[in-house]
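Structures follow.
Note that chain A is present in both complexes that follow, paired respectively with chain B and with chain C.
What follows is the complex of A and B.
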């Protein structure tokens, strides 16, 4: 069963398309990593799912319903992001106590244990927290609410390395105990790639790739060797990235539709074949130019 | 633990190899229940679907068998199957790489064989 379903979703802000005919379908009880560059449309997509605003055109369904102005969606989706508006007049403890009234699966004891583990004091106010502590507190809300769909938009902003890994561990353990649908957006694929089941790659408002993360590692392959040999072997293939640091040598990332036999032959021809790490592949796939930042310095 | 999580090799393949090692080392015997996907997810801090994929590779190769509602169990001849698989695939590939590197370095066949024998003596001493 799919929890999120969208077709041709488009959202424009002041003439700029934040989402441009975006389509996807997210299955129940999966953890999906939403990956894209700054301004790719990640947050816009998530806000539409959470019912924060309406799309300009296209279809979107969450639990088979339109999310905007929808009670079912509001009660069963929690959207955690770094601009979360929490009541400034309530202490952290009061906020935790209030959550139970809004979210039916709220686990008071679990929230309390996390609260103590991360050394919060009950009388503190959210506004007085540091950036990292705010993110940590928001994370507690997101985990303990156990909503059917939980969305974390860049949840680890400002967290130190130890808290980040604690957060991911807590998320995984609680997901194992209470399976639910989770969408996690991040710039850092390497941090979440072992945690997620599927990856949804977004570029310039469109979905680029939506596949199991396990398949991503085999989706592309790196060829390195003498330029003319590499060119010969990658001719007619879908080239994702190419780089020539050493003269006469070429490194090319291509879509991996080679057979085992072909790869063996390429090796014999003197090409060294390597896996491409998921995060590098995502950088290559989402980059706007083929040459990257170096293009700025090459005046031609 | 034993998995190289930041490496480029797929985690589920590393996981299935780790499970094979557990069986080879005798930590799991024939007809014994092996870890569930959720236990593996917890142990290695990975998504349960990835863990399931690692288990399923071994089930497809009949190194593990499924009992409905009870989980996965080690097949009777699991050890032999793993050993012959490793010999035919992993070892053969490693030998191929050694031979290719030897060619690149102009190491003669005799020289290579001598090197292997020397290493073998060292290993046997340990």
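What follows is the complex of A and C.
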């Protein structure tokens, strides 16, 4: 049963397309990492799921219902993002109490324990918190609400390394104890790589790749060697990235549809074959050009 | 399929209403301040009449809490505009909401604010009286308001509440329009002030004065209530319909 289902989702803002025929389907009880560059349409997509935005065209279903202006969807989705406005007149403790009134699955005790662990004081106001502390508090809201679909958009903004790893650990532990569907968006794949099950790659408002993270590790392969040898071996293949630091030497990332035998032959031909880390691969895939920033410097 | 939490619309409206009473507490603090200022203004008197002849010099000052009611009406309008702004509207979306529950809970909140504002405004008459008899050493003559029965007092409170709520509804619609398009923030004042000027130039109160007469010079409380309630329904329906498709945009 898929929790999120969308087809041909398009959203324009004053002529600019934030989402361009975006399609995907997210299964129940999975943690999906939503990865993309700045301005790729991540937040727009998540806001449509949360019922904040209405799509310009296309179809979107959350729990098989249209999310916009939908009370059932609102009761079962919590959208945590770094621009979250919390009521300024309420103290942190009052905010937790209010959340408990609204969300049926809210775990008071769990929230309280996290609250104390991160040394918040009940009488503090959200506006007075530092950026990292705000994110930490928002995270407590996201975890303790235990909504069927929980969306974290850039949840770790401003958090220090220790809190960040605490957050991911807490998320994982709570997910195992209370399985639910979680979407996590981030710029930093290496951070969430060990946490997520599926990866949804988004580029210029379109879905690029939606596969299990384990498959992503095998998805591409790096060839390095003499330029003419590498070119010969990668001819007709889907080249994802290429770079030449030393003259007559080339590094190319290609989609891994080689057989074992072929790879052996390539090695014999003098090509060194390497794995491509998931995070590098994502950078290459979402890049606008094949050579990355180097293209700016290579005038010809 | 996992079980989804089912919530009912009235339940969520109630929950949001309870939340707003707590979260919008500043609104009531500003009410206290505005009414204190208005009471001080009232001490200046609302009217004065003087006559003299020979050895007698007579000066008659009128005092009333009308200024307090007027200020409270203004407060109601501003409060209503305030809660349509993004800072307030977007807060709702952290919690369980849709635009309908959000609007209904806002309406209930404004009604509560109007009741509190109306009751305190009318009761401030007593404060004005006490302060005048304490501060002004001259002869104090009771006006008709002192002789008013409790039913008159109650109908005074009722009418004040309706006036305040009417302006809340107007403010809510104005605020919603401005949220819909910034242009309204310029257009609406121009229309209003332009209307006043137009009335002045033509020498007959057609638009603004006509509205004033429609609401403020109605002698029958029953007829007045019907007029106000119908207008309220129109204003709120307008705001509800306009905001029902509004997206949640941050900053």
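In the analysis below, the second predicted complex is superposed on the first by the 296 of 300 C-alpha atoms of A that agree within 3 Å, B and C clash if a C-alpha of one lies under 4 Å from a C-alpha of the other, contacts with A are read in each partner's own complex, and residues count from 1 in each chain.
Following the convention adopted for this analysis, a residue touches a chain if its C-beta (ideal position, glycine included) is under 8 Å from a C-beta of that chain, and two chains touch if they have at least 3 such contacts.
A quick note: this is a predicted structure, and the numbers were derived from the prediction, not measured.
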According to the stated criteria, A:169 is in contact with first (chain B), second (chain C), both, or neither; which is it?
first
Go through the superposed model and pick first if A:14 touches only chain B, second if only chain C, both, or neither.
neither
Is A:236 contacted by the first partner chain B, the second partner chain C, both or neither?
neither
Go through the superposed model and pick first if A:102 touches only chain B, second if only chain C, both, or neither.
second
Touching partner for A:30 - first (chain B), second (chain C), both, neither:
first
A:217 in the overlay: touching chain B, chain C, both, or neither? Say first, second, both or neither.
first
Looking at A:274 after the superposition, I want to know if it touches chain B, chain C, both of them or none. Which is it: first, second, both, neither?
first
More chain A residues in contact [chain B versus chain C]:
C
Under the stated touch criterion, which partner chain does A:71 make contact with: chain B (first), chain C (second), both, or neither?
second
Please report the chain A residues shared by its interface with chain B and its interface with chain C.
none
Complex contacts: residues of chain B adjacent to chain A:
5-6, 8-12, 38, 41-42, 44-50, 53, 100
Complex contact set, residues of chain A against chain B
30-31, 168-169, 172-173, 175-176, 190, 194-197, 212-214, 217-218, 267, 274-277
Within their complex, chain C touches chain A through residues 1-2, 4-7, 9, 12, 15, 18-19, 22-26, 86-87, 90-91, 93-101, 244-245, 247-251
In their complex, what parts of chain A are in touch with chain C?
1, 28-29, 47, 50-54, 63, 69-72, 74-76, 79, 81, 83-90, 94, 98-99, 101-105, 141, 147-148, 180
